[in-house]
Amino acid sequence: MSGFRQRPFEKGIAQPSRSCFEGRTAGGIALSIASSGCSGIQSALDPAGPQAAHIESLWWLMVWVSAAVLLLVTLATLYAVSHGRQARGLDAEPEATPDPVAERKRALIVAIPVGMTIVTLFGLQVASFTTDRTLASLSTDNAVVIDVIGHQWWWEVQYVETTPSLRVTTANEIHIPVGQPVVLRLQSNDVIHSFWAPNLAGKKDLIPGHETTFSFKADRAGVFRGQCAEYCGYQHANMGFLVIAEPPEQFYAWLKKQRAIPPPPDDPIRQHGQEVFLASTCSLCHTIQGTPAAGKVAPDLTHIAGRQTIAAATLPNTPGNRAGWIVDSQRIKPGNRMPPNPLTPQDLQALLAYLGDLQ
Amino acid sequence: MSTATTAPAVSDTSQERRQLERTWSDPPGFYGWLISVDHKSIGKRYIITAFAFFVLGGLLAVTMRLQLARPENHLVGPDLYNQLFTMHGSTMMFLFAVPVMEAMAIYLVPLMVGTRNIAFPRLNAFSYWVYLFGGLMLYTAFFLNSGPDVGWFSYVPLAGPEFTPGKRADFWAQTVTFTEVAALTVAVEIIATVFKLRAPGMALNRMPLFVWAMLVMAFMVIFAMPAVMLSSTMLIMDRLVGTHFFNPAEGGDALFWQHLFWFFGHPEVYIIFIPALGIISSIVAAFARRPVFGYLAMVLALVATGFTSFVLWVHHMFATVVPGMGKGFFTAASMMIAVPTGIQIFCWITTLWTGRPVTKTPLLFVLGFFFILVLGGLTGVMLASVSLDSQVHDSFFVVAHFHYVLIGGAVFPLFGGFYYWFPKITGRMLHETAGKWNFWLFFIGFNLTFFPMHQLGLEGMPRRVYTYSEATGWGDLNLMATIGAGLIALSVLVFILNVLWSLRRGEIAGDNPWRAGTLEWATSSPPRNDNFDFIPAVAAHEPLWEQKEEPAKTVGLSTEVREVLITTLLDARPDHRLTFPDPSIWPLLSAIAVSILFVGSIFTPWAVVWGSIPVTFALIGWFWPKPGKPKRTCRWKSRHDP
Amino acid sequence: METVHKLSALAYPVAVVLLLSGCEREERRFREPPPATTAIESIRLSDLQPGVPTPAPAIANPYEENAYALAEGKRLYSWYNCVGCHFQGGGGIGPPLMDDQWIYGSEPQNIFATIVQGRPNGMPAFGGKIPAYQVWQLAAYVRSMSGLVPKAAAPGRNDGMSVKKPEASVKGQPPKKTGRPP
Amino acid sequence: MTHDQDIDVSNLPSYAFDSRGLMWWGTLGIIAIEGTVFVLVLAGYFYLRQRTAEWPPGGLPTPELLWGTLNTVVLLVSLIPNYWTDRVAKRHDLRGVRIGLPICLGFAVVFLIIRVFEFGALDIRWDNNAYGSIVWTILGLHTAHLVTDAIDTAVLAVLMFTGPLEGRRFSDVNDNAFYWYFVVLAWIPIYAVVYLAPRWL
């Protein structure tokens, strides 16, 4: 891939999911589901909030019931074909009309597993409905309301405020306060996307012409990865995002920082970098508050340096990756909307310096 | 029972037989092959073509598995990968699964109900040609880099005019039209055949379960497929003539597509699954050496499944904006559809339990079905739960699930069916040991491929991604899946070699190698042109098991013209003799005309107008009666009195 | 098995015929070597020339055959806010683009130059702001507005208010003689 | 077993009418398919309708009643000649059929002519908005059926004059009428939805 490319999430995000694999090999593949209570930053089985937790417990219930059913059916089948009265092959005279009395007895026996099936399914339904209820009953008082707008292939994130000036816009990274409910208002401007952060909750589609809302809560701090779950075109695979759950005070500090407009660059290099930004294609699509650049069709870069990843949680936000992305993003995400920018080394360095300063 | 083989060589008889066989035979040569309307040759073509598409779709799948074998792989890029999975899904659903099941019906139903050809034989030929041309069009487009890349359910707006430029999605939409036209016509033929062409005495409650399954499938096709034809037509109109069905800004709606599509798409799964149940019933009965336990329950279960499958399409849309109350209903329905399937499984187990099972390859595949399908069914129950679905929906978990139900539920029984009926179709047995290898490679490879996908889904891997970063930790399970895919490919290769070998060297089968009880085994293998030279008279479920000595038969059908016996709907009393059409070129010509219209309409709406003119003429030529040949009154009464 | 041979016997002619029709139209080029960027100088705004009149060098724009490039052009047309002045092609602040009048010439390279250099009375110069291949995509789309590109490649309707016929449905309008700059 | 248990079918007729005949079931199958299409497309109409506040959207006038209503009358009246032709066909009355079929055909043609005005009376194009798209589709679908059946009737009528004649031609007339009944019955809900629903619902 890109020469600049480094492993994503080297900054401590990646490690947890490694342990998944150990857990699995230990369990062996046949047991992989059972043994998969492993931790991961993108796993439905490592809940970080009530919604995901409820679903997980429903999951385990279903797993064990299913395992039992599968075992019974398999054993019954194996016994049926292998038990005593083995035939003398196909020449055995077929039993054209089995004795009706015997058949009636058998009917009664068969009725038992059928009854069990119905009862089991009914039980599972009740379990499922109760879970649906609990999920729906999450209270959303003093919730943080966030607009999430899906684009091919990135996520626009806006923190809703009554006063427009306080409205914070960022991309591909959603900071949320631990222990406080979050309400997402999901919209899409192009095709259908689906918001899915497995550690926190299930998924919800972003459908053009429909606004959907979706609420969840994190009950522990952490960085969780999610990605688009509804096929949305060439870069569906690289339409990721991070949800960063942090203690409220930290979160509000972050929010405050996001509201601040970065000061104009003071040293010549960064000043030149800003000129490059404004003079080149960048400013046609991107916004940097405090500058004339007000493009609305690409991620807001006002605080780009403060984010952990770029290119929709595809690359760690390092200067090297930024450079690679700016110069030739099509090598990293073929088909994405960012044109190549063949800048001179000086211009590129200046631009990187400028962007790197936008904390 | 098989009257023909036991017929004493009385001169006039053999003469009559030859005459009858001549009457029902195709003209020789390639032209004769083109104009054939015999359900056996059409059925064979259908099966071979569908299997060819199965192999193609499989190769696409292997390519995808190779791409996903390791993180950040560069075998194929997103553009090609999107075409690969779209082609794979569309091929397997539209060009393999449904056609191959209908093909089995085309070949077997007339034999099982004891008649000489399928109802509307020319329509049957027509449907094959339309299906073939549709498939060829799709793959030609694919090899011209115009393969659809919007997923096999082509969600709008992605598949709409703004986000998929060019003709790719249009080729998808027209492929659907082609294949649905073929499927719908076959459905009508099956229904008419089952209702009106049954041998005298085969009352509805004596029909083989296989025939019941095909009947239910045919009805489902009739009520489900129009939905997808309508929606794909709306899609192509949005793309080509600027209608606004799916444009939110002008009163359209993206979810409108999803409702229409899944109203077809869910029954579709059962359209594929129910015939498989019929195959299993045939195999289980033959190899347990007794009729399937609980005939009535089995029939009712089939019908119940058919009905229920129409009221659970919304469980594909739980992640959208469907109101909660509605979801509850669909959850209940989606879970409860497991009951009829459960009933059938229990009945089969009882059949095996109380019979004297002989584990030959066909039965082996059925046993594989039991394990895989039950597992797939259970994950299906999980997907029916709104909450749980919200986690695993559109993830690799779902990929695992539907491969368990579709491959386990349809492909395993189908392979069993291939092993079971191959002797009837070709006159030779498939090699047993190779069959065992075929099965075990498939069974192990399958589980190795798809079981890990459950885990991948839970670890957050969405479906339809062409790559994933190493940090996700999805690499190992994906590698495992790819290895499994290799095993499946290997087992299919074994099967193909087995077929090629057995065609030449396979052990001669004889009329009824499995000593089975249904009528298709009452005639020679392969069946003669006229299927049965006397239409048997049926008095039991498994005629060949019940009837010991020389059974009653039907006499008096013409030997000079293709005459079949029409019987009454319920208890199959002889009603009248209908003359069936001779081989004809018009089905092919009509299919060509129709194909020109369909393909042309991808490029200009006017093709619909101008294209309809040749279609009209072809159809007129089709239905214009041939100058009636002189019908000799002499009819073949019996083999003894001339 | 003979069936198979016969089937393929049928398949070949069909395949061959379609192969001849070519597949350039569906190519998705994500990393563009842009078409020869014209020496802007060689593009004339006036028909008058000193010395022996020589015909203007015609530069074909391959994107006009390519559905993806045309769709990209359509997207950029709104992303770079051409809509702001030309609206959906009907014109407003700027001249209409969907008619047969071409002030600065209808050839691809004329449109290219117009976008790159800008023109008096309000057309900004996008030179240096937009990579050349995107200019060519825009040029291709602009010509599609008046039906000057193959129908099978031209864009269909957008998911938005229907304000005009989709480019794929507009009748081709042979360009009138180049008009005069206003 | 001896021969007297064999079933001798040599004296059975060589065709039959209505549900006894095979073609009738074929026709029924086609009707079931097309009926499903109509049901779905009408359901689609109401689905799209509940997506927008006003209907027809954008302050469009409701479709003008004249031509649609006229056509409804034409169709309903056309049931009479079709029923009559059906009856005489069952009586194997060649003269009757030769009179009846052309009349039925005449009705079909008249209907198709009026249909042209109907499309005009919608005063909206299929590419204006979703409402236009769905009503054009509904009318278009029904028109397609009429054209098919008109051609069918025409061919059959010609056959009745030119021959070759067989008994089963009469059962074809019977099936043709059966299909026409469907086309007429399908029209009534369509008329109600396209013309009356926007006014009354």
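To keep things simple, chains are lettered A, B, C and D as they appear, and every chain counts its residues starting from 1.
Going forward, contacts are C-beta pairs under 8 Å (C-beta built on N, C-alpha and C of every residue); 3 or more make two chains touch, one makes a residue touch a chain.
Model, not experiment: these values are computed from the prediction.
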Worksheet item: Chains in contact with chain B and with chain D: which ones?
Response: C
Worksheet, complete the sentence: Separation of the C-alpha centres, chain B versus chain C, in whole Å, is 46
Fill in: Between chain D and chain C, distance of the C-alpha-averaged centres to the nearest whole Å
47
Worksheet item: Could you state the distance in Å from the CA-based centre of chain A to that of chain B?
Response: 37
Worksheet item: What is the distance in Å between the mean C-alpha positions of chain A and chain C?
Response: 39
Discussion item. For chain D, give me the residues that contact two or more of the other chains.
Written reply: 127-129
Worksheet, complete the sentence: Residue ranges of chain B touching at least 2 other chains are 77, 79, 157, 162, 241-242, 244, 247-250, 253
Worksheet item: Where does chain C touch two or more other chains at once, residue-wise?
Response: 28, 30, 157, 159, 162, 165-166, 169
Worksheet item: Which chains touch, pair by pair?
Response: A-B, A-C, B-C, B-D, C-D
Fill in: chain B - residues contacting chain C, complex
30, 33, 41, 44-45, 48-49, 52, 77, 79, 132-133, 136, 140-141, 143-146, 157, 160-162, 165-168, 238-242, 244, 246-250, 500, 503, 603-604
Discussion item. Which residues of chain C touch chain D once you look at their complex with the stated criterion?
Written reply: 157, 162, 165-166, 169
Worksheet, complete the sentence: The answer for chain C against chain A in the complex is residues 28, 30-31, 79-80, 128-131, 133-134, 159
Discussion item. For the complex, give me every residue of chain C touching chain B.
Written reply: 1, 3-4, 6-7, 9-11, 14-15, 18-19, 21-23, 25-28, 30, 67-68, 70-71, 151-153, 155-162, 165-166, 168-169
Discussion item. Can you tell me which positions in chain B touch chain D when the two form their complex?
Written reply: 119-120, 123, 184, 187-188, 191-192, 195-197, 200, 222-223, 225-227, 229-230, 234, 237, 241-245, 247, 250-253, 256, 259-260, 263, 537, 549-557, 563, 565-566, 568-569, 574-579, 616, 620, 623-625, 627-628, 635, 637-638, 640
